[in-house]
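The two complexes that follow have subunit A in common; it is paired with subunit B in the first and with subunit C in the second.
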Partner chain A sequence: MTATLPPETGAAGASAEPPLAASRPALAQDWRRLVRMGAVGAVAQVFIALSNMPVRLDERVIVKPVLSLGYLTLLIVPFAAGHRVGHQIKREGMPQHAAGAHEVAGGAACGAVAGGGLSLLAVLLANFDLREPLVNWSPMLAELLAFGNATRFAVVIWLLIGAAVGALGGGLRLLGPRTRRAVVTMALAVGGAAVLEPLVVDLAEGMRLEALTDRLYARRGGINWTSALGLAAGSGILAVLGRGRIQQARAHIAELEGAQRTRTNGLLILATAAVLIVLPLFAGKLTNELLANVGLFVLLALGLNVVVGLAGILDLGYVAFFAVGSYSAAVLTAATSPRINPELPWLVALIVVVIITGLVGLFIGAPVIRMRGDYLAIVTLGFGEIIRLLFLSDWLSGWFGGSQGITKIPGAGIFGLTDVAGTDPRRVFYLVLAFCALAIYVSWRLERSRLGRAWMAVREDETVAEAMGINTVNVKLLAFVVGAVLGSFSGAIFSAKVGSVFPNSFLILVSIVILVVVIFGGMGNIVGVIAGSAVLIGVLGGPKQPGLLAEFSEFKLLIYGALLIWMMLARPEGLIPSVRRSRELHQQEMAQDAWLKGQVEDDNHDDGGSGPQATPAT
Partner chain B sequence: MMGIGRAKSGAPRTGVDWFLTFMRVAILTLVAVGILAFIAQEIDTDNPFARWANPDATGLTGAQFRGLIISGVAQGCMYGLIALGYSMVYGVLGFINFAHGEVFMVGAMTGMITSNKLADAGLWESNFIGSLIFIVIVSMIVCTLVAVIMERVAYRPLRGSPRLIPLITSIGVSFFIQNASIVLLGPAAKAYPDVPDWVKDKHTFIQIEGSRILVVVVAAVSMGVLWYLVEHTKGGKAMRAVAEDAEIAALMGINVNRTIVKVFAVGGAMAGLAGILWGILFRSVIHTTGFLPGIKAFSAAVVGGIGHLGGAMAGGLSIGVAESVGPLLILEPLGVSGVSQLRDAVAFAVLIGVLLLRPAGIFGERLPAEDRT
Partner chain C sequence: MSADGGQPAAGPLLEMRSVNAHYGAVHALRDVDLSIYEGELVCLLGGNASGKSTTLKTLLGMLKPTSGEVVLDGEVVNDRPTSYRVARGVTMVPENRRLFKRLSVRENLDLGAYLRSDTDGIAADLERVFELFPRVKERLSQKAGTLSGGEQQMVAMGRALMAKPRVLLMDEPSMGLAPALVQQNFELIQQIHEAGLTVFMVEQNANMALSIADRGWVLQTGRVVLDDTAENLLAHPDLRASYLGQADT
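And now, the complex of A and B:
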């Protein structure tokens, strides 16, 4: 590896970089920072090991004989610590040190400290009874840590593994941006292929391409190591050859104007729609079930996106609308509903459901609309709980069945053509898809309407919006109602799909999962919200629905929580940010940057004290 | 931005205002009718008014009523201790630390682990008071650490960002701690060891369970200590100064960061203490233990006027009494069945009602400078 690389200009905006200073000697580390990061890593390692994640996930093989998901969870922390420890804070006008042996040595040392956590754990497991309070780790953990050998082996091997992986993490800094991108693409390709395995196998069966998947995947799951190498090589070559192509294409589309742009967008949407319509035909029951679940959450997330993303109202009780939608659809269609059972056809019932949920939206919205944003969040959370408690209570069990819920809900009949029920997930998916299309169209048109602009104005500054003549109360109420109606669609489909509704399906954690989905994808951006639900619900799974990584079901809520914290700290605007929203979030930094660029010469103090530490969106 | 007070004089009243007025009147009417029906019931259960409201009215005996109030007071003391953390953090940083309820849960869990270990060693039975002091100290230390780490990792980097961002982060922290408890300690409810008879049984002379007396006494003492700390020590003065105006306080030579850490530490210690009180009162703890008491304690902080120490305690007491007496005092006479299931709903309704009727709380709120517009 070459010690110094020419400063390559990476993405846009890096045009005027100061010259690189010489790389530092390998042992001139910031030892305190290194040990601190290593210790944090060690704690994280012990936490992961004791949560039983490695053992539970060990069954899921990624690359056939070499790597299982369980071991991956143990390797990721030293890798991240090793990579992170070499991070230099970019200071405007200050020279950056070139990456060199310093980064690798630091990474190795930091990784070793982090891996040391597992060494310590191995010793503790062998000598003390940790079972008393910590019940969740399985007896196989010690064996897994020692690779079947003695404890002494585990102590040494995890120090070594930690150092090696940490060195790799630090070494990543030596690569130029182009090579680094290729490496990341390779890792993503292999990881993605492993995660998508059930989906790919299922689709391949439908398309009679079993020969291909048999070659790619080992018989009991996991990618064959030969195919993994091939996949990595292929994607690496593609990444090197295709570098910049995607960006060029995006820039090209962004440049288009008027009719041309409309046409390109239309083509893209058509292509996506075609794939989504054709795909389920080849897919089996499991894949369709997964797609239907993702679709339901897309619908919910789009609804919450109107409230949180566009109008900036943090509604933590969004599940209330989902619950009201489900329950009112159940009451209106099921013959078994205790008090009123008009047994309406589903589509007719849907109209009533929309009206009811809209009214509930008004009723919940009206009292909270004048409150401060944070009080509003807690009060909506309270409403969400109250609605669930009412459905659960004996008082109203004559209407809603109490904890027994309402069962034997008929499927959704569409003009007598088909009957959509949970037994046929493909039809459910098509129904969900239709409503998603509707919801996407509605939110897309709304965002560009007078109302949408009013929402964004209210989000950014309520006082100014009011001064501009916007009736903030009505506008915010409308956001509540629109969000409620979109949520009710999802609820109505949910009750027809599952065939029964119980108060337990509408816990507050559903609201929080939807919130994580919206924030992860990018508040206020339709594409972002859809991508967020597809990635999170598809891979990790919803509150009760399994995702592609079904082994994760015990840990997914933990991961949702961690993800929410991390997103807020590192990238509050989400994966695919809405331009306006991210400008709003990084206002302060951008102002600071502009100020710094204006007077770089006579300023050399920059501690980045306040404001999130995220990079301004480019 | 200005609470939900009535529309300013001169501003046109919109539909929402009328609706809110209607809601306020409706809440007050409901409460009044409920209480009247309750009084009617108490005078004579065959009273036509009582019969009209609830055909199977039974009324409460004096002992039942007193029991409800006492259990409400004991729980209210616990809510008050948790509410102190919400109130102090809101007073200084201006955001709701949603994860504070989980700190309380961590306290209860720590107490469960430590007390079970002590019971295994035989110390719990032989020296109950000593063991209790020990678990209180351990739990307060652990909770202080959790609160301080939380501040350092999740909230400090976000200082100065839009106000909903730290709130969302704190929801993430709360979700994370709850689920970390599941994956480490398992999802089942866990029991505290058996307590001595004098704590469990009703006292012969005053007819109150020893545990309730213990809770009230401990809460009163810690409240006194906290009041002394905040009002009469240098560190407390610094806290009040930072709550008043952080920038000016910094100019006066106060280390704002350290003061904020202290605020979190004190709040965490109080939550740890409350966790042990929970353990003594209910003797069982589960990962969701922190959620509802957390929300109720926040309601208590709002009821008392956020940023106000005495207010938090008063609010805690009123929420505790309201949720234990409210269902039977107001809902039962109105003919709602299965009222005890609705006690949590009542606690939320109290929060909503207070924000509708008097958003600044009983004693008025003390907010950080930027929110005082």
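And now, the complex of A and C:
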């Protein structure tokens, strides 16, 4: 009945902000919560320190000479804890307090507790040798923690650093939205410039702007502290002047409708395309290599997105299609492949590759899609490994070279015009770009097609989808095949780019990384998938491909894991959620609400009908 | 059995001829005979686990009979897939409505018309659904799972109507609805029926179902134990005892 109608939107309190109550006194803290949070931070600090990140990343300088990536990893936790501890949960009818000394003091205390983890660690490092179980229990770590001084210094300094950084984190709450935006912009500008250093230097060389980067960056890496100040000031001023114009513009675009919307979107796409086409001309090997790697993963992630995001089939063995694409392209084009070597031109081979991978998709998909849920995921995991083991096996080594793999694979010849090989990453990137464009277009069309709708129906409720007349078996198989074909593009380019394929390039890890990219970016969303690849593959690096923060490569999985956990907790819809998906997730609670109410009604409905008792014989 | 006498000369629209159906070893339907004629409103009664939903699944082709025949419009469709039968006008409103909860109302309706390609016809039927359920039109972009139970029932019916059915199979349409809504719901079914649609309804709410139905069957552990007009069924002593919950009146 009307009483069971859910509210229109979830954001009940978002409309009108109630006035703030006076700020609380500095010492009126919720100490228990503060210490709990600080203790969690302390554990995290110790964990980070013992993961060896600070020592290994100490070489990567962010701001010369004051801050290295290694030390940065030790500052993040107290900062976050100090900021978080001042968080007030918004509750209807409860006053919100203005931020003030309370937040700064709380942040400082909480940060000090978190920093205290390192103090404790420094003492332990000096007095015990636990190198046996903990490989990173090293004098180097002790030295780093003490800044080369005595242990006593380390104890005091980390309490102080923790308090200072925590106070900064808490103090962030004192800033008005505009100032906060400026501060965040400044931090992003400096951080971005540091992270993107290899890229910026590379581009500057291409554009003959070395003079600029020489001034910005120190000789052996890192931003000069003077330039960092300048950069911060400049970006801060821009942020203040800009006053959220970007957000306004975005809101404006979001409001556009119909033809205007289409035109704006078209312009945006054109502009992006233009940048992507022109940029590589000025970029050196490094940048192009990076872009090409990102592109290869965009292709893979788009393929997996069809399977997981649209059709809802959790495929943990997606690497199989990447492998089949790579290997079949290698066999068809390389003169050195063991059994058959037709040495087809790459484009011709690609057609065969697509057919082969499509068939493999059918072959693997046929038994798999009859399963549901967790069983399906586990079986796909198995298939992913089986394919790799087949390529590795002695049994098929006459075809695929076993562990020797296939080497000397020629580059991709396009109509005999150009030869795209790994030696020229720019051409590789253009090739990847072309296929990405194709894959994006295909995904975009599919999503809006009748087939796309059928996929979503199957994802939601397979039985009902069948009752609607959807041939669920065919539809799911088709998702598998489309995903396989998109993955095979990536594989075929990969083998031409690298020039060799080995079974070890296709570990389970690749499947996982692709899945993480899809989840991180926002499942079922094309832009999200691209953004996810750019951030994860471009910055952190792929399974074997170095990213911008090449120093991170050994901690990559750790960070993937941490990011994923944070993502699931804070932003389950992904980096750039599809409109649909965020609607799904944020209306979840209301759905449960509606369901509960439904249950209540269920109880009422029996009164006219029969009880559950057995029916008598007639 | 009976009841064929007073029906129009044409054969039944949908028919089961001594159908047996199993889930693995479980014998869910035993020699079931049913016939639904064009323009009828008929109902299938039965207690829990008597095989009502199984009957609908078998009619729609989601479960294959182990023996016997399912006949649609004179054609034996045992080996035809669900999509074939949906395309020929058999549509189901599933038990508990079962909307695609995380899709919008609009997408749910579109999926109802999944097998159709006549754009004009679809648009016209959409208008008809809006006419029947103005409420649905207001909530087009809302996620179906967030609708109230009553609204979900409307969308479920709308989704089924979008398939342009000739016979509508409804699995316990009153389940999970408040008493007042149940009444309203049956009125709606009657209204749709009067507009020319054949309805085959599965119910536990025997009183209510028989009050609007022409004929009915009673199913018990997979077997048809009663097959009569609604009037006679309502008066049947055994049925009164067991389903209408009024043994001694």
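For the reader, a short list of remarks on this structure follows.
Here is the rule we go by: the second predicted complex is superposed on the first by the 565 of 618 C-alpha atoms of A that agree within 3 Å, B and C clash if a C-alpha of one lies under 4 Å from a C-alpha of the other, contacts with A are read in each partner's own complex, and residues count from 1 in each chain.
Note that in this section contacts are C-beta pairs under 8 Å (C-beta built on N, C-alpha and C of every residue); 3 or more make two chains touch, one makes a residue touch a chain.
All of these numbers come straight from a predicted model, not from anything done at the bench.
Once chain A of one complex is fitted onto chain A of the other, the partner contacts of A:I386 are limited to subunit B, with no touch recorded for subunit C. Once the two complexes are laid over each other on the shared chain, residue contacts for A:T463 go to subunit B and to subunit C alike. When the two complexes are overlaid on their common chain A, residue A:G70 makes contact with neither subunit B nor subunit C. When the two complexes are overlaid on their common chain A, residue A:G542 makes contact with neither subunit B nor subunit C. In the superposition on chain A, A:G38 makes contact with neither subunit B nor subunit C.
Once the two complexes are laid over each other on the shared chain, residue contacts for A:R450 go to subunit C alone; subunit B is not touched. When subunit B and subunit C are set side by side, the one touching more residues of subunit A is B.
Using the contact criterion defined above for the overlaid structures, shared-chain residue A:L557 touches subunit B, although it does not reach subunit C. Counting contacts as defined above, subunit A residues 463, 471, 584, 610-613 meet subunit B in one complex and subunit C in the other.
Listing the residues of subunit A that touch subunit C in their complex gives 1-2, 4-6, 450, 453-454, 456-457, 460-461, 463-471, 580, 583-584, 587, 590-591, 594-595, 597-598, 601-602, 604-605, 607-618. Taken together, the subunit C residues at the contact with subunit A in this complex read 46-48, 50, 60, 62, 81-83, 85-87, 92, 94, 98-103, 107, 110-112, 114-115, 143, 145-151, 159, 163, 174-182, 203-208, 218, 220-221, 225-226, 238, 241-245.
Those residues of subunit B that touch subunit A in the shared complex are 1, 3-5, 14, 16, 19-20, 23, 95-96, 98, 113, 116-117, 153-154, 157-169, 171-180, 182-186, 291, 295, 298, 302, 336-339, 341-342, 344-345, 348-349, 351-352, 355-356, 359, 371.
Contacts from subunit A toward subunit B in the complex involve residues 47, 50-53, 132-136, 312, 314, 316, 366-367, 369-375, 377-379, 381-383, 385-386, 389-390, 392-395, 397, 462-463, 471, 473-474, 477, 508-509, 512, 515-516, 519, 554-555, 557-558, 560-565, 568-569, 572, 584-585, 588, 610-613.
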